[in-house]
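One chain, subunit A, links the two complexes that follow: it is found with subunit B in the first and with subunit C in the second.
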Partner chain A sequence: MKAYDVIIVGGGHNGLACAAYLARAGRKVLVLERRERVGGAAWSEEVFPGFRFSVFSYVVSLLRPEIIRELELPRHGLQILPLESTVTPLANGDYLAQWSDHDQNRRELARHSPRDAEAYDEFGLLLHRMARAVKPLLSTAPPNPTSLDPRELFDLLRLGRYFRRLPEKDLNALWKLLTMSAADYLDEWFESEALKGTKSASGIIGTLLGPRSPGTAYVLLHHYMGELDGVFRAWGFAKGGNGSVSAAIAAAAQSHGADIRTQASVSKILVSGERAIGVVLDGGEELRAPIVVSGADPRRTFLGLVGEAHLPNDFVAAIQRYKFRGSSGKVNLALSELPRFTCMPEPGPHLRGAISISPSVDYLERAYDDAKYGEISRRPYMDIVIPSMLDPSMAPPGKHVMSIFVQYAPYHVNGGWSDAKREQFGDTVVNTLAEYAPNLKGAILHRQVITPADIERIVGLSEGNIFQGELTLQQMFFLRPAPAWSRYRTPIHGLYQCGSGTHPGGGVMGASGRNAAMAILGVRA
Partner chain B sequence: MLKTTPFHERTAALCVSHAWRRWAGYVVASSYELSHEREYHVIRTAAALFDVSPLYKYLVRGRDAARLLDLVVPRNVLKAEIGQVLYTPWCDHAGKVIDDGTVARLREDTFRMTSAEPNLRWLEDNAIGMDVEITDVSESIAALSLQGPMAGSILQSLGAPTLKYFRLAAARLRDTPVEISRTGYTGDLGFEIWMDKKSALPVWDALMEAGRGYGIMPAGMLALDIARIEAGLMLLDVDYVPARKVLIDSQLSSPYELDLGWTVNLGKERFIGRDALAAEKARGPQWQFVGIELDWNSLERLYAEVGLATRLPGAAWRMSVPIYSGGEQVGYATSGGWSPLLKKYIALAHLRAPWFAVDTPLEMEITVEHRRKRAAARVVKKPFFDPPRKKA
Partner chain C sequence: MTDAIVIGSGPDELAAAHQLLRAGRSVIVVQEHAPQTHTDGWVPRAISMPGVVVEQLDPWLRAVLPGGGTLELWQDVRRSADAIRRLSPRDADKWPDFCDRMARLAALLEELYLAPPPSLVDLRFALKIRRLGRIGMEDLMRVLPMPVAELLDDCFESDALKGALGALAVRDLQQGPRSAGTAFRLLHFHVGNPPGVFRPPRSNYVQLARSGLDIREGCVRRINVRAGEATGVTLDSGELGARFVISGADPKRTLVDLVEPGWLDPDLARAVRHIRSRGVTAHLDLELERTPEWKTLTLAPSLDYVERAYDDAKYRRISAQPCIDAVADGARVHARVQYVPHGGQGEISAKPLERYMPAITRMTVRMAGGWPEGQPHHAELSLDQALWMRPLPELSDYRTPIKGLWLCGPAMHPGAGVAGASGYNCAKALLRDL
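This part shows the complex of A and B:
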């Protein structure tokens, strides 16, 4: 039997990226994937005959340009299509659009507020500068400020010098972004409710927080990091759906010699003394390697696959405290015709971008209020894309697929998730959306509803959290997933983590997978 | 969709080149004819009619209108006479230029400001506590620019009053009320005509009819670009980065660095950026925005070396071109081109101290048959072209 240097548990996009980098560096790598195909939450599937969906994650968000370049993903089949506009339908039949063309966007915003139209550019510029300031953090292992390890001290020093070079006004702005709520921060800039609602939505995605919860402003920055890499289209739609991202990374890994085994469910990570020595599969098969990397989230990795007995108690406590609180679901619709939004009934460019049901900050905060007390939002926030408008191969000719990201659908819903609850959730989503697009109900051929419980069951993400743990400041950077264990290493020698549960966290970025590979290879990323 | 100006019905019919470009979210003609050359010469020999409606325009009214504008711009607005127009840049609190345009005193308590970028928010934010009303009239006021030696005669034939340089007056052109200012962007004798957008077509028709005997022609942005370089007039986004769009501090410019020190009135007690500008004046600016003239013999030699006759740009260019002294880069040109009138290759350039002094010998990069060369150049006084008729 072939001897491997590294076994990677889980063939999600991060596990695959980690495998690709390690294989590229000459390591013999085996990826073990429980399901019949790799991809994890970056998964495309023909759910209904002729209709393909990005079942879970649905946009390429912040996929690191260095990964696109270094793994030659375009050569391995990745094509990212532009997804540029956001239209927010309003209850009064009007809409607010954010277009990619500067003149068109300015004119549209000025229709709602001339002040906002002017502030928009300045806001964008400031966030662009902030994103530039923070971006180097994404591609490096976060130094632990309490460590005395000279390497970490050096990194910390480098980072400190970097931040010291920032002009004072930028530092002040960064501090505000780190501490304020998205709603408060946006209030300092804008007056249009629809604009504030839509912008604040990006601050709440994947968390059980509302737009008025402190700390949500920081996540606004992530969108602008995507813009820095504008030419790489770090934000867009992958042709064939998000499964194509996984497939391209898997192809890159295989081209470098990595082996991928599907339907190979790891039940246990073998630990001898304080060293990881391999894994055990569901059927009892043992596979050995001096290095084991887990792409599973921290809870599954440590409390599930490793076991508390092998771990220091303070570390176990930190992992137990690490918050997941899945709060979002998906509704995937197969449509016989395009939706006709009351605000823009005719087919047009708005259907090639995102449609955001986020008419105001109050709307989102009310949606959160329901979730806070364990209910599905009666009127949820929705981020909608129609992939068949960008890639006709997603649906039969003339028909369409619609992907609806929905928040809030709390994992800990009152009464627990059941088939009936799932349908109730699906009905809520369709009913709410039909208020803005009345022909929707009649156009639905098939409906797939995915709750946080489904995400956990199918993909294996604890509590269905799409980011492998909330992207909140108390569990980011050097605290992700646990203090002192943020640099992809773990208390078990030879065991590494490479999932979104590590710095810099979620989105289809691949940064965790790449950074973990660099840590294993001893390369300063 | 892009906006069209109130003159579009006329300009579209005349634009046989179908060459349009964007300006502040509007489409305007690059040239009407297939080549912009005749349009350029009309500016210098007859009268060229430009549609300048896309300019941003703000009406500032009220007891504190003069006080607000005096706070915002470095020139003295309080002392402006009724009917006077001031060209001025304006700065942020660090004394860096955010925009440039004109401030016209229409009445004691009424001003119109024009700018290249939107400024409503900037004006409103600085007007806190003032008795002033700011209205964005960018869309409701249409504007034409009539430039060239015959411009005055055309307007007078329509009954317009004579005007001194940078003065403005109300007038009626064939019964249509307008305001006429003796301003422009060509460095020539010229006027700008401001009107309600409903009056746009009658005014256009009146000018074109009255101008026929004087050789009037509509002209586009390509012709204007050559004329404004000859006049030494800078263009936002081309010759400088406005402070609001700056990504790194080295992109910032002060009025002193843009050769606009004459607009900075440090005698005023208070205006935005004053402290920073006073300090900079004391230090002496490290950069200057100057005119550059290329040496013909040097140009000719570079082309002769590869067996070609000297090639000259047919239209003005706008890009960053390195300028050297000895082996060292000492600055960069941002606009340039061949002056059909002066028969000189000219450019506008930012130069570091001490290379910005007049007559300093320099070299400008030029690509000759795919290879980068350096042509001899020297610093000259702006404007390159300054006819007495401009102010007479």
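This part shows the complex of A and C:
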């Protein structure tokens, strides 16, 4: 049997990225994937005959440009189609559109509020600057500010020097973003409800917090991080669905010699004397390697695969209190015709971008109110894209696929998730959307509804949290997933983590996988 | 000419006046409102004076249980644990550890509260943090940005206990216990208290601190500025000149209302207007037929109850089921009712309390002090308006862009709950400048 240097548990995009970097550095790597195909939540499938869906994650927003470059992903089949606009339909039949064309965008904003149109550029510049300031953090193993480890101290000083070079004004602005609510932050800039609603929506994704809760402003930055390297590369669809991202990374890994085994479900990580020595598969097969990397979330990795007995008590406690609280679901529709939105009935460029059901901050907050007490939002926030508009291969000619990201659908729903509850959730989504696009119901050929419980069951993400744990301030940076264990290492020698449950967290970013590989190779990223 | 005029006669203003007096400066205090009868909050040793008595109720909390009866929390941690045991033995076992942990974390904050706020880029601050020890600092950084509900849910199972503590953490704040950053407030109001006591104490500091000061009644109409320098104040009754003006008034009022427009940079003026200061508390002064059986009574039976009360406030409604915290002084009861948003729709009533006390013979309603929306802390005490951000980074060192005009009061670091500290810090900074 072939001897491996590294075994990677889980073939999600982070596990694959980690494998690709390790293989590129000459390590013999084996990736073990439980399902029949790699990709984790970045997965496309022909769910209904002729209709392909990015079943879970559906846009490429934050994939690190250095990963695209270093792993030569375009050569391995990655092609990103730009997503250029966001349209927010309003209840009164009007809409608010954000276009990628600056002048068009400004005219549109001015139609709603001349003041907002004025403020928009300045706001964009500030956030752009903030995103730039934060960007180096994404590819760093976060040092613990209280650590005495010389390597961490070195990183800390490096980071300190970096931040001291930033103007104090910018640092304070960053602090504000970290600690404020999206609603309060946007109130300082804008007056148009639709604009504030749509912008604040990006702050709540993946968390069980409302736009009025502090800590939601930070995620506004993510949008601008995506734009940093140019609209074309950063925000868009992968041609063929989001599974193509995983497929391209997998191909890159294999081209460097990594082995990928699917339908190989790891039941246990073998630990001997505080050292990881390999894994056991469901069938009882043992595989050995001096280094094991887990792409599963912290709860599954430590409480499931490793087991509490091998871990220090305070670490177990930290992992136990790490919050998942999945709050989002997905509805995928196969359509016989394009939706006709009351606000823009004719097919047009708006259907090539995102459509956001977020008419106001209060709308989102009310959606959250339901979820906070364990109910599905009666009128949920939705982010809708129609990938077949950009990539006709996703659906049969003349037909379309529609992907609807929905929030809130709390994992801990009252009464628990059942088939009936899932259908109720699907109905809520379709009914709400039909208020804005009346022909929708008649156009639905097939419907796939995915609840957080389904995400957990199918992809293995605990509580269906799409980021492998909430991206809240107390679970970020050197606290992710547990204080002192944020640098991809674990209390078990030779066991590393590379999933979104580590810094910098979720979104199909790939940064965790890359950073983990750098930590294993002992390279400073 | 007087050296300094201090606007306001609250604990912060008086503490500032005493510091200046002690340094041999002449001070006039302009009292705009009737003096407070007592001071809320811990009195740090540096500010305290002979005769100051800090009072804490015992039990300091008496929470109404939905099924009847009450939960009492005492100054004695063990006694509280025994009371909690009736609701949950598990929580009772955890209570002493929780109290210790909170006390340790609050002690870390205390270090930061008796000095001007640290700067984010100050290396000395970074070193100081590191000296505080690894476990404590990690815990503090994790706890500060948390929702208080999450902190409490991690530790306890009893709704009554969590509800009452959660309500204390969101006191006077337009946020609910499930909002991030509210755990910070539980700690903030714990600073200076003995372990296991989370209600700010009361003291007679204000009455005592009045002695020895030149206090004049009047309402400030304008802070006079000449050539970018404060020269005194204009009162209803005429002008008073001074080298310095220390304002304990709300920074918005001080800088936007009292200073003639034009002296402030437009960016700063905009930021000042954006200081969040929404008021959410109504105060009821009740007179009862006879003395109630309790000294204090809290109505906040669960975190969900408090959160639902907040839900109303989000949409500018007065809570249909408000959180109430009442303190009795003989047959007179002072009740704080939250949430009553500024200009909110609905009715403020003492009804939820009626079951628990003798009949009301008289009731007056007043909104919490604070300009203009009734926020007694002048700037909401939340993480983005705390420490070096309080009330704005540009103003956090008690100076203003107008030479000779200084700020103190609850809007300034460390904020409400620490009697006199912002005045003390402000006066120290001013004296160092001379």
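Please note the rule applied: the second predicted complex is superposed on the first by the 523 of 525 C-alpha atoms of A that agree within 3 Å, B and C clash if a C-alpha of one lies under 4 Å from a C-alpha of the other, contacts with A are read in each partner's own complex, and residues count from 1 in each chain.
Everything below uses one rule, namely that a contact is a pair of C-beta atoms (placed from the backbone, for glycine too) under 8 Å apart; a residue touches a chain by one contact, two chains touch by 3 or more.
All values reported here derive from a predicted model rather than from experimental measurement.
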Superposition on subunit A - do subunit B and subunit C clash or fit: fit
Partner chain in contact with A:103 - subunit B first, subunit C second, else both or neither: first
First (subunit B), second (subunit C), both or neither touched by A:175: second
Subunit B versus subunit C as contact partner of A:484, first or second or both or neither: second
Subunit B versus subunit C as contact partner of A:275, first or second or both or neither: neither
First (subunit B), second (subunit C), both or neither touched by A:261: neither
Contact breadth on subunit A, by residue count: subunit C or subunit B: C
Vertex subunit A angle, Cα centres of subunit C and subunit B, expressed to the nearest 10 degrees: 80
Nearest-approach distance, in Å, of subunit C Cα atoms to those of subunit B in the combined model: 6
Those residues of subunit A which subunit B touches in one complex and subunit C touches in the other: none
Subunit C to subunit A touching residues, read off their complex: 119-121, 123, 126, 129-130, 133-134, 137-139, 141-147, 150, 154, 175, 178-181, 274, 276, 304, 307, 311, 314-315, 382-384, 388-389, 393
Residues of subunit A touching subunit C in the complex: 144-148, 160, 163-164, 168-169, 171-172, 175-176, 178-181, 184, 188, 209, 212-216, 321, 323, 362, 365, 369, 372-373, 472-474, 479, 483-484
Of subunit A, residues touching subunit B in the complex: 103-104, 106-107, 114-115, 117-119, 121-122, 125, 128-129, 167
Contact footprint of subunit A on subunit B as seen in their complex: 1-3, 22, 24-25, 118-122, 124, 136, 244-247, 249
